[in-house]
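When the chains are written out, they are named A, B, C and D in that same order, and each has its own residue count from 1.
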Amino acid sequence: MGNTFGKLFRVTTFGESHGGAVGAIVDGCPPRIAISQSEVQVELDRRRPGQSSVTTPRDETDAVHILSGIFEGQTLGTPIALLVHNKDQQPQAYDHLKDVFRPSHADFTYQQKYGIRDHRGGGRSSARETVGRVAAGAIARKLIQPVEIVAWVRRIHDLEAAVDPARVTREEVEAQIVRCPDPVVARKMVEKIHALKEAGDSVGGVIEAVARNVPVGLGEPVFDRLEAELAKAMLSLPAVKGFEVGSGFGGTYLTGSQHNDPFYNDGGTVRTRSNHSGGVQGGISNGEDVVIRVAFKPTATIAKKQDTVDAKGQDTELAARGRHDPCVLPRAVPIVEAMMALVLADHLLRWKAQCGS
Amino acid sequence: MGNTFGKLFRVTTFGESHGGAVGAIVDGCPPRIAISQSEVQVELDRRRPGQSSVTTPRDETDAVHILSGIFEGQTLGTPIALLVHNKDQQPQAYDHLKDVFRPSHADFTYQQKYGIRDHRGGGRSSARETVGRVAAGAIARKLIQPVEIVAWVRRIHDLEAAVDPARVTREEVEAQIVRCPDPVVARKMVEKIHALKEAGDSVGGVIEAVARNVPVGLGEPVFDRLEAELAKAMLSLPAVKGFEVGSGFGGTYLTGSQHNDPFYNDGGTVRTRSNHSGGVQGGISNGEDVVIRVAFKPTATIAKKQDTVDAKGQDTELAARGRHDPCVLPRAVPIVEAMMALVLADHLLRWKAQCGS
Amino acid sequence: MGNTFGKLFRVTTFGESHGGAVGAIVDGCPPRIAISQSEVQVELDRRRPGQSSVTTPRDETDAVHILSGIFEGQTLGTPIALLVHNKDQQPQAYDHLKDVFRPSHADFTYQQKYGIRDHRGGGRSSARETVGRVAAGAIARKLIQPVEIVAWVRRIHDLEAAVDPARVTREEVEAQIVRCPDPVVARKMVEKIHALKEAGDSVGGVIEAVARNVPVGLGEPVFDRLEAELAKAMLSLPAVKGFEVGSGFGGTYLTGSQHNDPFYNDGGTVRTRSNHSGGVQGGISNGEDVVIRVAFKPTATIAKKQDTVDAKGQDTELAARGRHDPCVLPRAVPIVEAMMALVLADHLLRWKAQCGS
Amino acid sequence: MGNTFGKLFRVTTFGESHGGAVGAIVDGCPPRIAISQSEVQVELDRRRPGQSSVTTPRDETDAVHILSGIFEGQTLGTPIALLVHNKDQQPQAYDHLKDVFRPSHADFTYQQKYGIRDHRGGGRSSARETVGRVAAGAIARKLIQPVEIVAWVRRIHDLEAAVDPARVTREEVEAQIVRCPDPVVARKMVEKIHALKEAGDSVGGVIEAVARNVPVGLGEPVFDRLEAELAKAMLSLPAVKGFEVGSGFGGTYLTGSQHNDPFYNDGGTVRTRSNHSGGVQGGISNGEDVVIRVAFKPTATIAKKQDTVDAKGQDTELAARGRHDPCVLPRAVPIVEAMMALVLADHLLRWKAQCGS
């Protein structure tokens, strides 16, 4: 039952890494939203493996099929089924993982919880599950226009870029294979990723994201605050260990008089002079940029030999074979954007339900 | 519709700060759980104002009434209604806030979203709403026994305590009015809070919490991962700007070989040597301690004069009157514990539904 | 978890018959709906016991307290807590039911399911639970204006009234204590109820209801069709055994050419010449009157001696004491109306979310 | 958002009649349930068109593809994606329906609600949507073993069969193409259907269903009573206008002393002597057979010429072309069974969550 996200704009994903297909059903989308298959595909292409030297060399084309819910280029208001067949499967490549638990992976917990698991490529716990999220996010983006969402790699390990959330563009992000819009830092990030890959190791970092032009009023007190829903969305992604909105943990070093965002009248519009709130006050968007940061741990799959246990609980060693991302952040950028779009789409509909005219 | 938390152990809170009452309905609680009114009251007493020199001097006794769902000391399996009447109301004390928006409060966003607001004491956006959460959390704690939840103030501003999540006790926490179990740091924290209160300012910090004895298998991939639900629970609290599980943001400075938690056989039980995962792998509890950290911003209500706008959008100034917490963290400790208990109770029932025998 | 109704206009009821209180929380109500306490009270007075010779002589004034969500006569958009304290309690009157299962009541199933039950007055299974529904329904009615809902007793046992759903008024219904708008049949119904009461027996019948001025477009294919939601709403009431919309069971004796409702242009509006559909086509309202019928079984509590078993499963006999309704239909009329209002309110908001501008 | 059924055993269907595919996602299914593709296929074959002279001659093989959630013959506890590609499409056969509203169909209401519709074969409102329900129901049946569900045609127009719900077998039902287990009445039903088909007309009737071996304790007071969920399940099917449980409308002609089901001790088990309750008391199963009846209106699509309006609201005439079922009941039998299985599966998991050990 944990495979559905959203209350009104509802996304249900399905699929194991090496089963027949992965995908999503989007239910609740308003009718008459124009959407083409290529608008979905372009987002999937940003997520797909094999796109650059900093991602896994696995080549998955991930072509999307829209099976329902769209008629003559427009949404019908009925469920939209999005399907991507699994290809480039080398199930035998995973035989050595059938009876051993990879450290800091989901192998152990799935086996304990369900008493069964599809060990091939991580099965349901594979990041391949996010294919459905990205496809659904492409539709959400159309729905929430003119809201503009941009995410980027802000930090890899200790290499941090200074990026202005108010101005950064998707083009600047996409110009770098590592998806950090600062070209100088981006180059160093690529070098570090290559070096760690050589060493059979991996690395993590922080993705930052902004939503601009968010209307005032999105978010529901008390449990479904906009920041609470964003936090859940981000922590639901594989490898995420932390979340911040606005000033985040850093803001706790300020006093109230330093941290409060003064209101002022900006030519008829109420604005705030600073944005420590990150665009959200009392759980509701205030019209300023919504700014979040997401911490991704270093990839758990590494080539170095590690201590672990086997399916019988006996101590053993494991060194991963196969093709993996030494750093998930470049490919996670479109996924973070997709989740942000899903949250905003859901709350846009919720706003319409309760507060719309 | 955002006033309900949980899928199976469902808590719906209600009430404005200065309306007739605040409270909660707990639906889905299993039958035959022994619970007394005093077990609920003790948690409310930890949350209540006026308990020490570092909290607001408002005196709210917050006596709980259990109106349904409990019969002869045991839960019936029917909805449990928990009610706390509002007292010590000085509504006229809020007249000066009727037509002005307090910076970094919910006044502006509520007014914009709903076109109406109860301006007295923040209305629904008041932290008084958490009364219902704490009362419901007291029931959840009984349900999830022998799980043990302890939270504490880890940092106020730049004053940080070193606390061992594996060993810290509730008694150590409660021994300090600031709820930091390190007596030396706690004393400095109290001094800092007093000083900022004197200066008409406020301060924030970080609360850390642990759940011990959590069974393996709680948490639902993919969207309802245990850490995602905890993140939502915490970000749904007033003043929270950040969340971490396990290694959090700090873990992004490690490599995969440093960060991975090696499994080993500990006398027949599979354990991990380190706990960067924070007790959760693949969204599911792995039997290790679940450890989280929550960032609380400095209290928005300060006595210092601030720039803001009035209800007509005109620039004006505001200095808060009345009695407020210069630092919310000491009283937030039981609230963080309550939310953690609610998440675990919900997922315990979800585990029973899908994986129980 | 089964104590909440609706997806967007969400009503959670609570309370046992002889606990502290019964009531409801309404979440999701739009802001700025004008509602007074007396508008809620008037509906509760139609439901209350002791109102006439055909209802139970128990005297429950059932005064409603609105504890939250309404400010200066208008909804805030926050949860509305509605509370009715339980009075006229004679718990010792139920001591003889502690260890015996009343036939065709919920005593046995509650005991088996929960392993515990509040035996006083049926506890949670008492029709007293509907107090919360009726109070919430009064708010729903305000929300869905100008939709007009009228229900009436169409049949008691074999005494059936011919009533035109298109024209019957609430005043005509309320003019008869049995709530059948046909005065001649109503008089016979009262006589029959009195006679059966004398005989220590009880009787059932059929309530019919209409919603007029329902906008086109309410109802959600496929599972949440308007008629499916109405059916669930009605079967969720105590003593209900059947539901019909439009032609119902009788329509199965027609052929398709007789049953289909031809469309025609009525001065610019598309209408249907007949209304076998009952105002719903493909699960969505078509603008015609929504007409339903609900079958209520004879009251299970009777004074006649009956065979049954005790708490140990041993055969025994039971004759009910106390004060009961010999026929629930007169008091069920406002309850049926309330449930119909709740369904329409929920779907109005759902329409706004997905299809509203 | 109305395309998901169930709270814990959750089924989301998707697909238009003439889009790429129809199907369902089943979320929440427990792990390690053995299920084969052929067990799903056999139910779809009972539903498929073209199976006999009393159904539409359209030939849809409806081969199911299981794309996820099942591994080596067992459920994984992850979402089960069930897909059936649409074939035998003759979209041009529907060109004449693009700009006209078929009487008593969903064309008008869909167009009004969504402002767009897929006119080919009814689009989403087609009974083809039930493919996903039947496939999901096949899995639910495995989960709820040893519960046994049998449905049958009890009445076509005025031809009624006397069938004993306690004894009727699936084999007896399947032995007749009209799925009425009484061979004599069945033959007359076939003749009547053939005659009405010749006349360009259609016919409806009543399906009865029983669930045997249902454990005591399923069903949730107060809104999610077992009978309420069954009523919703059945009214969510196309063409359904009425629902009864146990004594239904007929029971309203009895008095309480006639209608009550006396308990007795049957060799250690508490049973009832009669079953007017239909296996449900207080919303909860009591261990007796759960018996329901469902009224299906005559098929709306008929060859006879009918009055209607076109897309511009102008009066016009319409005579259906193409291949339709003159009576939906024979093919609806497996659909009714599937919905009953989905309700029971959901409530079995709900019971485990709250009341399981």
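To be clear about the criterion, a residue touches a chain if its C-beta (ideal position, glycine included) is under 8 Å from a C-beta of that chain, and two chains touch if they have at least 3 such contacts.
All of these numbers come straight from a predicted model, not from anything done at the bench.
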{"item": "Option in C-D, A-C or B-C whose residue-number contact pairs overlap A-D by over half", "value": "B-C"}
{"item": "Chain located farthest away, centre of subunit B as origin (C-alpha)", "value": "D"}
{"item": "Winner on C-beta contact pairs when B-D is weighed against A-B", "value": "A-B"}
{"item": "CA centroid of subunit B to CA centroid of subunit D, Å", "value": "46"}
{"item": "Separation of mean Cα positions, subunit B and subunit A [Å, integer]", "value": "26"}
{"item": "Subunit B: positions in contact with at least two other chains", "value": "1-4, 7-8, 13, 28, 31, 77-78, 113-115, 124, 221, 350, 353-355"}
{"item": "Complex contacts: residues of subunit A adjacent to subunit D", "value": "1-4, 7-8, 10, 12-16, 19-23, 25, 27-28, 31-32, 65-69, 71, 74, 76-81, 83, 113-118, 123-124"}
{"item": "Residues of subunit A that touch subunit C when the two form their complex", "value": "7-8, 28-31, 77-78, 221, 349-350, 352-357"}
{"item": "For the subunit A and subunit B complex, residues of the former touching the latter", "value": "1-5, 7, 13, 101, 103-110, 112-115, 124-125, 129, 155, 157-158, 196, 200-206, 216-217, 219-225, 227-236, 238, 240-249, 251-265, 268-270, 272-273, 276-278, 281-286, 295-302, 304, 306-309, 313-315, 350-351, 353-355"}
